[in-house]
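When the chains are written out, they are named A, B, C, D, E, F, G, H, I, J, K and L in that same order, and each has its own residue count from 1.
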Amino acid sequence: MIITIINGPNLNLLGNREINIYGDKKFEDYFHDLQSTYQGIDFRFFQSNIEGELIDALQEASRESQGIILNAGGFTHTSVSIADTIAAIHVPVIEVHISNILSREEYRHKSLIAPHCKGSLFGFGLDGYRLAAEALLHILKG
Amino acid sequence: MIITIINGPNLNLLGNREINIYGDKKFEDYFHDLQSTYQGIDFRFFQSNIEGELIDALQEASRESQGIILNAGGFTHTSVSIADTIAAIHVPVIEVHISNILSREEYRHKSLIAPHCKGSLFGFGLDGYRLAAEALLHILKG
Amino acid sequence: MIITIINGPNLNLLGNREINIYGDKKFEDYFHDLQSTYQGIDFRFFQSNIEGELIDALQEASRESQGIILNAGGFTHTSVSIADTIAAIHVPVIEVHISNILSREEYRHKSLIAPHCKGSLFGFGLDGYRLAAEALLHILKG
Amino acid sequence: MIITIINGPNLNLLGNREINIYGDKKFEDYFHDLQSTYQGIDFRFFQSNIEGELIDALQEASRESQGIILNAGGFTHTSVSIADTIAAIHVPVIEVHISNILSREEYRHKSLIAPHCKGSLFGFGLDGYRLAAEALLHILKG
Amino acid sequence: MIITIINGPNLNLLGNREINIYGDKKFEDYFHDLQSTYQGIDFRFFQSNIEGELIDALQEASRESQGIILNAGGFTHTSVSIADTIAAIHVPVIEVHISNILSREEYRHKSLIAPHCKGSLFGFGLDGYRLAAEALLHILKG
Amino acid sequence: MIITIINGPNLNLLGNREINIYGDKKFEDYFHDLQSTYQGIDFRFFQSNIEGELIDALQEASRESQGIILNAGGFTHTSVSIADTIAAIHVPVIEVHISNILSREEYRHKSLIAPHCKGSLFGFGLDGYRLAAEALLHILKG
Amino acid sequence: MIITIINGPNLNLLGNREINIYGDKKFEDYFHDLQSTYQGIDFRFFQSNIEGELIDALQEASRESQGIILNAGGFTHTSVSIADTIAAIHVPVIEVHISNILSREEYRHKSLIAPHCKGSLFGFGLDGYRLAAEALLHILKG
Amino acid sequence: MIITIINGPNLNLLGNREINIYGDKKFEDYFHDLQSTYQGIDFRFFQSNIEGELIDALQEASRESQGIILNAGGFTHTSVSIADTIAAIHVPVIEVHISNILSREEYRHKSLIAPHCKGSLFGFGLDGYRLAAEALLHILKG
Amino acid sequence: MIITIINGPNLNLLGNREINIYGDKKFEDYFHDLQSTYQGIDFRFFQSNIEGELIDALQEASRESQGIILNAGGFTHTSVSIADTIAAIHVPVIEVHISNILSREEYRHKSLIAPHCKGSLFGFGLDGYRLAAEALLHILKG
Amino acid sequence: MIITIINGPNLNLLGNREINIYGDKKFEDYFHDLQSTYQGIDFRFFQSNIEGELIDALQEASRESQGIILNAGGFTHTSVSIADTIAAIHVPVIEVHISNILSREEYRHKSLIAPHCKGSLFGFGLDGYRLAAEALLHILKG
Amino acid sequence: MIITIINGPNLNLLGNREINIYGDKKFEDYFHDLQSTYQGIDFRFFQSNIEGELIDALQEASRESQGIILNAGGFTHTSVSIADTIAAIHVPVIEVHISNILSREEYRHKSLIAPHCKGSLFGFGLDGYRLAAEALLHILKG
Amino acid sequence: MIITIINGPNLNLLGNREINIYGDKKFEDYFHDLQSTYQGIDFRFFQSNIEGELIDALQEASRESQGIILNAGGFTHTSVSIADTIAAIHVPVIEVHISNILSREEYRHKSLIAPHCKGSLFGFGLDGYRLAAEALLHILKG
């Protein structure tokens, strides 16, 4: 079973960026731990700051994975095009945000992407990715 | 370790109510399964259709539990008072919704409660309660 | 045939309350007249100022009546939860308001409940309950 | 006693038009039944697709009828001028809509006409005209 | 002379709840002091987290008191029904808030209740209840 | 010199209609007085309740008059099409309203027509037509 | 094959009206050219400044034509009733505007009619009618 | 008979300021002409760029004049306080604007002052002052 | 102890102005009574119709008084600058309004000033100034 | 003559993506047919999911083509930058959408791009590209 | 060369007022330094808390200076009249704000004045005045 | 000292693009002049039409420069992600726009980026880059 994790803009800065909001762990380290925990799953990982590359990655992942975990970063609130991609592909997508976007600035309360996702998870820190994997396992089994 | 699950209005109808949205399983049956899975946790459960009784239950649970899982149903979108209670108590609260409220009617997109919760989970069906329990375990351990 | 009439907050004050808007007749007296007029129908009546008790009453009435007449008073404009209950039950609900809510304050123009009701009646005074009973009879016969 | 029924745009298509919303009965057939039921009332009927002809008809009906039943169709949501006419005349006007306009598109939720009507009835199908006649009888007797 | 003080949701937590906003004194202690200060007045006190119980209490107090001091807590911003009760009863009601609701979150700036109250007092801490009593004395004397 | 006065919906009721707002004089009587006062001007007059007939009248008047005085009644607030006509023709149009529309209901504060008129006059009663004639004389002389 | 072209308010002024926006050709001349180009099609043409006459024309055209080309002029932005007619009839309707309404005033950006049309064409001058005919031919063939 | 003309901010620049909008005549010259035309009236004139001085002037003029002509300039759109003054005094006030404020920027479409004025005149250039005087004469005579 | 009372625009008209809203007592008379009641306090009083003079007065009062009572009249709803002054000075300011601004026109519901005041009092008539003095005494003692 | 067709995000999925909305034909097949039909035109084609590459392509096409057909997909509703590019270049651009965006979700009703295009075509399926080519031919000839 | 610096309300408090936002330097001291730096320029300085005096000062400065630097303080967000003055005069005006108004409260994000200024500078502290002088020098030279 | 200038979409067209708004000088020529003026600074320059490449460039520049000058072009109004980058990095960023965005279309009045920048400069043409450099020098020295 393949699960692809796709991270959007500025998530390459994790560990350095506003540590009070996003924590002090690099995503690469977390990813290693996650892969260790779920040995039966083949996790893949992609990050880009470019909206269209995320669209390309979603399209590609929809062809080779059974589930996608997406943290679209700031594009969450502005990208009709990423939302269109999720609507167009046939694989369950789980939306994750490290911080609780609903308790931050007003413009972060609206997710254009959420309506097309299977489910959304906000505010659990990096643990949100594990919860999303758990959710995907449950969906794919059921 | 005690975790209290609090369900709001109309969730007593689960299993009968709009099955295409909420599924056909009664919450009591699900709750039994959940308790079996996590034997080290003492799960408690409360449901009411009355906003103020949910406030009472939150206040009480904050004194006797280490974590709260809250599905406030329709009050999610209208209750400043429940939100105030969550802000006032000192125990982590996880918000759960069975359906993906962000892909339903416009008025369900706004959660007054979310800003005061540790994290939010939407759209995972009853499995959302298990994910919330997982999240609480992670928080309480960490 | 059983028809349940459910009245919401402050309707227990009818006859005393703002008589220019709501008239000077107590609901109990009107109810007696209504029962006399339609002898083949078993009318039941419930009033509460508590939102959740109205939800309970709607759930219960849906199990024992063939039709419901609901005047949700001020909750008409604020209660997503009562609207959810009407969507969840399987009995026709007619919405009644004594005054014409569409000619009063702006915030009374929006009924959260109406979209889930079979029909709505505004501005006919207490006679609105009789018209609602007439409408239910027509629906249940047809 | 004379009651005038005035129907607005596209209601001449009843029976052919979007049958799932408006039903499959022509208004002329319904009108015949209604006249038969209330033999003591002289019902008159006027239909036009032209806003100003409805204004003319309302003015004229106010001089020769004791009550008016108005289904202004799409003009309900756009015509300040018809609303002005109802405010200007001295005969009770009951607003009827075949479908429940409050459960349809957002722009149908607002009735410019309702604030000037004695009462409003939405969602009862053609039976709404009978209920309006009942309401007028009650008002004119009382 | 009887003055009834009615407190809404979460005000039973005073002294424990967000002390930087609401202060560290329990309401019961304050109430004792207030009663001592005004010996000629019979103060009564009611608190509930349930909206409808506050409506019941307002209705009852309107029959037995000469004035009411109301802190409706979070219901201030959401309850059309409590506002309707105040409009329906015939006793002066003074609105009190411990914190200055106009300097807090945007959604606290709107009081649905205020338009029906004799006057409103925001931001004076518990001393607001004394000022409200002073105001009632002035009104009832004048 | 020819000046055409065009009156819109419900203005044929002047003298009978809401006398506290519109006064008790019929327009025909006023028109006679106006013609007497300005003997060098050939006043013409047209009234219709039909939006499109007002458009026809404006087009026609633009070919035969030197100035137009328009009271579009309720169409003032809803008719993009009448506004388009005024923009399309080449004769000065003065907008008149008998009542002060800016002190009435919110929806009367917006005139779609005003931006294309030479000037607007609100609230002067029937005397507004004389003032508009004065204004046209000044414009046509200047 | 019959195609009916229906033009709304002020389009009878084409060639005289704001030439920088609408061009200097009369519609009658253009219509003649269009008929010559497509000799296998029987084009019919109707223009009115009266909203209800356009409704009548749409209803009639739906009975005798295979396709309709509609330029509703200013009614595009205000007429729920014309939109209702298009929804009620069973013939493809193409919406045409001579100017690009999306680059003009804000209130011209919203077409109430578009959601019920098969397709919309804005900004191509009179050539838009030919393109609409081309589109209808493609639809009717396919 | 005394009529006071009060001009607000930047109207001291008339004749120099944006001549395409406001014309090239100084107000002092116009005022002289106006006084000459109406010899039976004692016109007084006040101009200030200071909002509060306009309030003082309105209060004073209300004590010594029979009518007031007010061009509040930019304060028209922002001054609740000037509007309050007009509501507080007992002399008819006519609002004048040289340009047609309804065809300019959106924020000029709203006049806070108009609801309290007897009537409003927009777009007639300096001739608007004469029309306002005519209107006052008519009001004071009638 | 010095307390400065600052009154804004049109409050110099108290006793003459809209008596049903503001009462029939002149402020000077009330001020005399107030000074008599609290002999230990040195009350000072300033009124102006000019926004900037109120700013000057606030700045000055902040240097010589221990507390300020401010009724900013119509500037309450429009003056960012007065609000900025209150934020800039270091003395407690109590906001008073004679009428209950929350039950009047919509535009009076928003106070730009309130967020920077220690507390606000609306609707108590002139007695509001005494209550504000009481509040200041409590704050300054505590 | 060179015409460049530029397709935006997710249009590379045509034929697989939501077939009920977008049809089941791949764009490459359609493009081949189009080129065959218009042998005198040299059609060029570019697709990207990256906003900035579309900007680059527009700039480049403006230097080598006589006309551009643009389907910006989801960027239509969000990209000020693509709109800026169209405003900056000197070649006519025709906007095409396969589906009728005006009958879909609210957020698709606004095209940021349209105001800068020569014309817009919505809802004609792939045939829209042919119509756009027809339109360009007409513009370039005329 | 003369450059006039005009400061609005509360800027006379610089050095004392909210030092974390506005810094701890008095403007007079800064002004002295500025004059020393640019010896070829004759800087003039005016400050007032009164909106109308700022209007007077702008008018006067436009007659005697070659450029104006304006910090309108709180009037930036509320004064149509100051904006009108800038539009009316013929000298370049540069808008300066000490703090970055775009990162503060929502109501500070809108500058009514900016559209009429040559350019705007926000957030550079007192150094913003020097940058504005630099900008004016560049404009006046070019 | 290194200062990086980052230009966003369409700024590569400077000198060709809408010259009345953006001027007729190429940025490369300007950049050369700027480098000559400030010989002690090492200016670097990057331009891209791709949002994500600007994010990459900001991240990189934050590691190697002491200050950044950013003209984000059309992304200014739409890019939450670029705003997030500025918030995440630790180097002062100055926002520059060649034109005065506050006097152009409404959608250009909002800068998502400004709240995270040290300061903003609008409307100074290319000279804005020099002023930004001056500002950075002052900040870095101070």
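Definition applied: a contact is a pair of C-beta atoms (placed from the backbone, for glycine too) under 8 Å apart; a residue touches a chain by one contact, two chains touch by 3 or more.
From a predicted model like this one, the values you see are computed outputs, not experimental measurements.
The fewest steps needed to get from chain B to chain J, moving only between touching chains, is 2.
Path length between chain B and chain E in the touching-chain graph (shortest route): 1. When the partners of chain C are compared with those of chain L, no chain appears in both lists. In summary, the interface at B-E recurs among the listed pairs C-E, C-D or K-L; the equivalent pair, sharing over half of its contacts by residue number, is C-E. Judged by contacting C-beta pairs, the busier of the interfaces C-D and C-E is C-D. Mean C-alpha positions place chain E and chain L at a centre distance of 54 Å. For the pair chain A and chain C, the distance between C-alpha centroids works out to 47 Å.
Distance from the chain D centre to the chain K centre is 62 Å, each centre being the mean of its Cα atoms.
Counting partner chains per residue, chain F has residues 50-53, 78 touching two or more of them. By the definition of touch given earlier, these chain pairs are in contact: A-B, A-J, A-L, B-C, B-E, C-D, C-E, D-F, D-G, E-I, F-G, F-H, G-J, H-I, H-K, I-K, J-L, K-L. Partner chain B is touched in their complex by these residues of chain E: 8-10, 12-13, 16-18, 48-53, 73-75, 77-78, 107-108.
Across the interface of their complex, chain G is touched by residues 100, 102-103, 109-111, 114-124, 127-128, 130-131, 134-135, 138 of chain J. Within the complex formed with chain C, the chain E residues making contact are 50-53, 55-56, 59, 78-85, 87-88, 112.
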